[in-house]
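Chain naming follows the written order as A, B, C and D, and within any one chain the residues start at number 1.
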Amino acid sequence: MIKVLFFAALRERLHCDQYTAHCATPTTVESLLLHLQQHNEQWQQALSGTELLCAINQTMVSHSAEVVAGDEVAFFPPVTGG
Amino acid sequence: MIKVLFFAALRERLHCDQYTAHCATPTTVESLLLHLQQHNEQWQQALSGTELLCAINQTMVSHSAEVVAGDEVAFFPPVTGG
Amino acid sequence: MTVFVAVQTDDFCQASEYDELRRNAGCGAIVTFCGLVRDLQSTTLSGMTLEHYPGMTEKALKDIAYKAKSRWELGAVHIIHRVGYLKPNAQIVFVGVASAHRAAAFSACEFIMDYLKNQAPFWKKEHTTEAEYWVASKDSDKVALARWEH
Amino acid sequence: MTVFVAVQTDDFCQASEYDELRRNAGCGAIVTFCGLVRDLQSTTLSGMTLEHYPGMTEKALKDIAYKAKSRWELGAVHIIHRVGYLKPNAQIVFVGVASAHRAAAFSACEFIMDYLKNQAPFWKKEHTTEAEYWVASKDSDKVALARWEH
């Protein structure tokens, strides 16, 4: 079980703040994205952008990072604070 | 007639804030310094330092700058404000 | 080094932060940055909503502060970032750095802002009288960050 | 661009200057620098006297502000420098810059301080419990200035 969070424009496109993924673990961010893309066509499109950022347990990671059961994985667009 | 001002450590070494120089004009900062150095041995030493800065009419200038009658010429050590 | 980080909906007081930073003995140089809500692209900006990733924002800001500390000799770093709905002219972000050295204070403050702009999980949505839209990230922010990566 | 320059014996209020700088429409980035009297070399500093060249200091600070304006897009520049006798922890100098762009505000504020340190006619005399001496100029300030001369 992996807790998945979405923020900002991505959250709005998916109409979803939080999702619980039940995929085999350990996995990678890339594989998790492929799993999520199967949800529907809108998710497929929104989650295949090259600019998508990812954090595991609130630390920024690359898409090749490992994901284990119990992780909190967040996806979001490039940040625009400050 | 040239109004000459001295500041900070230089002012203290010369025991003088302000001096009226009666030398031929137009002249240069370099020539004015030579004129002032004739005052006494202490002035000779204090006014021959290479780090001496000069301003004519409140604008920083090099020692080759021209000085005309009525100018306000200031000499001072490197600045240390801020 | 003192590190103070806050993510809050309430406004902050620049003067109080400055007074705190002044209290650091041995730090004769204090540099502050403040970012405000401004209407730069249109003349119809009615406000802005700052979304964030609760928990990660505080962590990211602390990480950035300690990253700055590892590069420069600093006495104190304060970072405050607001979230929620903000009107034009409102304060968004404060970064304040106290150091014994002026160059370190300037560099660290700019470094923190450049990292914050690229790595802290905040997102701006601008509201105009006609529409609302997510602010796009700027290439100039990536370029600013790249300067520090050596 | 608004340029405000003051050379004064009285203390200044950093908060008032910041509030003034905030009023510049279109300027979303405000960077401030404050320099304080600190005891860096000894533990016996009892105070400091700032001597200046009246008239020329104001002129030099204005020149520096306009020099910054010619290099960056700025909304406002405030420079205040105190003179006379100052105790430890006292404020010496304030430089505040408002701009639409964060990089411009940071660069201009540091540029102004680097020029001020090298070209504005102020001199510091430190008083310790044992002696008093004129502060020597620092090579690091010349190096800092040289960075801008291109």
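Operating definition for what follows: contacts are C-beta pairs under 8 Å (C-beta built on N, C-alpha and C of every residue); 3 or more make two chains touch, one makes a residue touch a chain.
What you are looking at is a predicted structure, and each value in this text was computed from that prediction instead of being measured.
Student: Going by the contact rule set out at the top, which chains touch both chain C and chain D?
Tutor: Chains touching both chain C and chain D: none.
Student: Just curious, how far off is chain C from chain B if you go by their C-alpha centres, in Å?
Tutor: 48
Student: Need the CA-centroid distance for the pair chain A / chain B, whole Å please.
Tutor: Inter-chain centre distance comes to 72 Å.
Student: Centroid from C-alpha atoms only, then distance chain A to chain C, rounded to Å. What do you get?
Tutor: 26
Student: Return the residues of chain B touching two or more other chains; collapse runs of consecutive numbers into ranges.
Tutor: Only 82 qualify.
Student: Quick check on chain C: which residues sit in contact with 2+ other chains?
Tutor: Where chain C meets two or more other chains at a single residue, that happens at 35, 102, 113.
Student: Spell out all pairs of chains that touch, sorted by label.
Tutor: A-C, B-D, C-D
Student: Can you name the residues of chain A that touch chain C in the complex?
Tutor: For this pair, the touching residues of chain A are 5, 7-9, 55, 58-60, 74, 76-82.
Student: Would you mind writing out the residues of chain C in touch with chain D in their complex?
Tutor: 14-15, 18, 22, 25-40, 89, 100, 102-103, 105-106, 109-110, 113, 140, 144
Student: Give the list of chain C residues in touch with chain A in this complex.
Tutor: The touching residues are 35, 50-53, 55-56, 59-60, 81, 92-93, 113, 116-125, 134-137.
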